[in-house]
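Common to both upcoming complexes is subunit A, partnered first by subunit B, then by subunit C.
Then we have the complex of A and B:
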């Protein structure tokens, strides 16, 4: 790390040990020194290499300090205009940010800062973002900020070509990863107008294969319903999907509703709920829906019994 | 809380009070990273103490002078000399010639002042017009959403900050505290229609709210509370409301019926989470989501307590994440208690008891008293 001279800066020291202070913090000497300098430089709005270095040190001890990100951005914007190679300069800044990102997975300022840098960059590249996105998702496969940032990139670069395969890989690793399932829906919503019937049929097969593998998994069932609703004007799959869902509920629909002990196990409460929702929409199959909800209440998903009774009331 | 006064009880009230009190005292240097948002620590502690019936205004009244110092008013360099004002989270952030007030710290400070019953402050010192003007400047004209702070030099909405449902909620809550009630009141400062458009754009296809169709109970609570404060819940379609209620109730983790099949395969499932709430599909239950989900349900239906069988979530909180030795609540049973989860765990219990204003996240009685005293 380059050493800069701050000896000419008159620090703005932080006030400590106030009499009526709440949550007084036992500051370290280093923190007091850094903050004293940072406050002085922000106040002067000094846009210099040494100020840039100082923001990195502050971010290291206090990444939640929102003004420091703003200050750093203004320094970068200023120095970029003075540098000979803007692209190189901004890429170096992105490299620095990658390191900070790895050390602060839950900080959300990082992602909006990154967006600002890409908007400033003369030739931004999605490809350059992929390694850090991969590392962050490998570390926490359901990190909401990282997924949101990936989606922002897709929209910013108008590039969705890797998304379906990427989501498939993550579902392969963890079939319960709901973020990966919702990422598929994000893909379809944005690709809606250019998708062929063959691709849609393949996707339906993909969903059914995954459900077959693990029937009691809420993510693909929710996705299936959303997918059907998104493309309901183009494809008539109802009977195929209904037949498929029926394979997970055994013959419970034809059995009398007795005590829970008398009812057999079924493979998936979500299949039963999916069918109930489907049947409830048509007066001819409404009785089936009522029965399916009753079964959920009695045996297959009893914690939500009052919800299932509420659904039955809605049907009547 | 009433459980505490009913003789032997599972709520370790005294320990919780001590836990929250500790956070208002001297903190070790490991808290330096939170220094800039110290107002959040103050809010969570004072809210927690208020829930457990501590008379915070008597106990911490001596600190009002210090609290008030966090309020900063800046005259803009424009022809009309207009002013903006708001709070910084820490005096460390009070930097000459730089605008450092932000929306979250402003809301945390205002709510803390309400709980400390500093009514004189609201009636005579706080400049509500310049405060509302600050909120107004945080709205993004293109999307209708809000960022949390302004550029420290230009005083325009910060271009390096994110905008999401949290900041929309905070912006509207601040204006509500400043006295805005009708659409006309809000329209005086913000583009309410545009904001509503943004909130509607965050609806997910299967119910609930989130970014890009990934529903999240925290964002859902923010969206619904914002709509409630704007008296605009009726803008949601009946189908969406029903889907959202269903989605929220599905967040209650169960170890019964078919759910038990998940225990061997799903790495984010734990049978002992039974009764607790998760933030998203296929995640562990977590104390804070009990509050976010219950608050959302309570805004959507008067039958919320019956629908989610509140005794189950109460058991989850008291038997699994309440820390009977140290006081406070943890995120889950593996970690130590922390301030955020302690405040929201307590808030969830108070909401169930009908004693909590979930939209503003303070005890209902305190809000009622404030409304009676401070009619703007």
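Then we have the complex of A and C:
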């Protein structure tokens, strides 16, 4: 790391009249020194290599301190305009940011900073972003900011070509990953007008295969309902899906509703809920819906019994 | 069972009181960027526990004013930091709780309002500061702050409402921005923003049913609430989910007894405070959202809290309701 001279800068100290604990003093003093220098340089609006270096050191210690990100962005924008090769300069900044990103998976300033850099970049590339996105998701497959950033990239670059396969991979790895299921829906919403009959059928098969693997998993059931709603004008699978869902609830619908202990276990309460929702929409099957909701309230999802009673009241 | 667990009110009050005396702690300096928010969380928890006098009012107000960023005309989390929407809301909430908004004075109030309005973008969303981090949290923050100041206008409200409605998802939840995955904290910021704007009627009955379903689906069999499907429970969702359900009038879709038990199990019985889940380290953030959640469920005569503003109802009942007459 390059050494810069800050001896001409008069630090603006943090106001404090407190004595530091001995064991903390070294670390704290160093941090205070950095912050004092930063405050001074910010107040002078110095946009220089040494100011840039200082922001890196502070981000290293306190990455959530947003003021320093603002300041760094101003420095980068200025130095970029003075550099001979803007693309090279910004790519170097992105390289630095990749390192910081890997060390700070929970930080979210990073992602809006990254968006600002890409907007500034004369020739931004989605391809360049894919490795860091992959590393971050490998590290935490439900990282909210990383997923949001990935979607932002798809829209920013108008490029969805990797998304369906990527969502499939993540679902293969963890079938409960709601972020991946949601991303899949994001893909279809954006492919709504170009989806083919074959793709529709394939997608239904994909959903059913995943539910078959783990029936008691809320994400694909919610996804199934959402997918049906999205393509309601082009789909006629009602009976196929209903028959499929029915395979997970045994024969409970034909049993008398007695005490919870007398009722058998079923493979999926979400299947029962899905069916209740479906049956409730048609007056001919309303009785089945009432029974399904009653079973949820009594036995299969009793923690939400007030919701199920509300649904029954609505049907009556 | 919750019958054998009780809320350790006195311990929680002492825990919150102790926080600001830890200035020798390195953590204290690292969390400068959250200091004003922290004071709001602490004060609100104390209000719910009916012990606001634990903080010295004059000292808190004077600290709030020392966080004024004169360059941008709003509040920073700490003296000499940059102004930010989130901390500006905290400052306004603290002052309103103390019935002390007058200390702003006319000039500061005018600049504050223009700072908040100035951060609104063309699509109706808000950025947190001039750097441009955008999400529905900031829409809520801006509308809440303007509402507390009695300064909402249709120029601000209408596009903000449009933006919030775009964050509604197919599953009945709300995301951080359009297309983002549904998240319980975002349900609160979106529904809170709509409630403040008096625009909950923009949601259809079917949508309200779906939203209510998505929210109560967050309760796990063991009682706690999670923020997204298949994630672990966390006490802070006792606030984000319950307040959202309260706003749409479906609070009873949650099983109170089980959730109460979960929150009470997250208390530190020795030093006070509430953690995210049992056995973890406590902090003021989870403490306020734990007691606020209990207040919404009417637990043990806690001081009633307003689900829209996350402030005592006795304070918010004085706010002007939008649209202004």
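By definition in this document, the second predicted complex is superposed on the first by the 306 of 316 C-alpha atoms of A that agree within 3 Å, B and C clash if a C-alpha of one lies under 4 Å from a C-alpha of the other, contacts with A are read in each partner's own complex, and residues count from 1 in each chain.
One rule holds for everything that comes next: a residue touches a chain if its C-beta (ideal position, glycine included) is under 8 Å from a C-beta of that chain, and two chains touch if they have at least 3 such contacts.
It should be emphasised that the depicted structure is a prediction, and the values quoted were computed from it without experimental measurement.
**Q** Both complexes share subunit A, so when I overlay them there, do subunit B and subunit C fit or clash?
**A** clash
**Q** With both structures superposed, pick whichever of subunit B and subunit C touches the larger number of subunit A residues.
**A** On the superposition, B touches more of the residues of subunit A.
**Q** Between subunit B (first) and subunit C (second), which does A:187 come into contact with in this model arrangement: first, second, both, or neither?
**A** neither
**Q** Taking the superposition as given, does A:63 touch the first partner, subunit B, the second, subunit C, both, or neither?
**A** First partner only.
**Q** Does the superposition put A:266 against subunit B (first), subunit C (second), both, or neither?
**A** Only subunit B is touched by A:266; subunit C is not.
**Q** Would you sort A:244 into first (subunit B), second (subunit C), both or neither based on which partner it touches?
**A** Neither: A:244 stays clear of subunit B and subunit C.
**Q** For A:116, select first, second, both or neither according to whether it touches subunit B, subunit C, the two together, or no partner.
**A** A:116: touches subunit B and subunit C.
**Q** Return first, second, both or neither, reflecting whether A:214 touches subunit B, subunit C, both chains, or no partner chain.
**A** In the superposed model, A:214 contacts subunit B only, not subunit C.
**Q** Can A:274 be said to touch subunit B (first), subunit C (second), both, or neither?
**A** A:274: touches no partner chain.
**Q** Touch check for A:166: first (subunit B), second (subunit C), both, or neither?
**A** neither
**Q** Which residues form the common part of the subunit A surface touched by subunit B and by subunit C?
**A** Overlap of subunit B and subunit C footprints on subunit A: residues 12, 14-15, 18-21, 24, 27-28, 31, 39, 61-62, 64-67, 69-70, 73, 108-109, 112, 116, 142, 144, 147-148, 151, 176-179, 182-183, 185-186, 189, 217-219, 222, 226, 229-230, 303-304, 306-307, 310.
**Q** Under the definition above, what is the set of subunit A residues touching subunit B in their complex?
**A** Per the stated touch rule, the residues are 12, 14-15, 18-28, 31, 35, 39, 42-45, 61-67, 69-71, 73-74, 108-109, 111-113, 116, 142, 144, 147-148, 151, 174-179, 182-183, 185-186, 189, 214, 216-219, 222, 225-226, 229-230, 265-270, 296, 299-304, 306-307, 310, 314.
**Q** Per the contact definition, I'd like the list of subunit B residues that touch subunit A in the complex.
**A** 23-29, 31-38, 41-42, 45, 60, 62-63, 65-67, 91-93, 95-98, 100, 102, 148-149, 151-153, 158-162, 205-206, 211-216, 242, 245-246, 249-250, 252, 254, 256-259, 261-262, 265-269, 274-275, 280-283, 303, 306-309, 312
**Q** What residues of subunit C sit close enough to touch subunit A in their complex?
**A** 23-26, 29-30, 32-33, 79-82, 84, 128-134, 169-171, 175-177, 179-183, 212-213, 216-217, 219-221, 223, 228-231, 252-253, 255, 258
**Q** Across the complex, what residues on subunit A touch subunit C?
**A** Where subunit A meets subunit C, its residues are 12, 14-16, 18-21, 24, 27-28, 31-32, 39, 61-62, 64-67, 69-70, 73, 108-109, 112, 115-116, 142, 144, 147-148, 151, 155, 176-179, 182-183, 185-186, 189, 217-219, 222, 226, 229-230, 303-307, 310.
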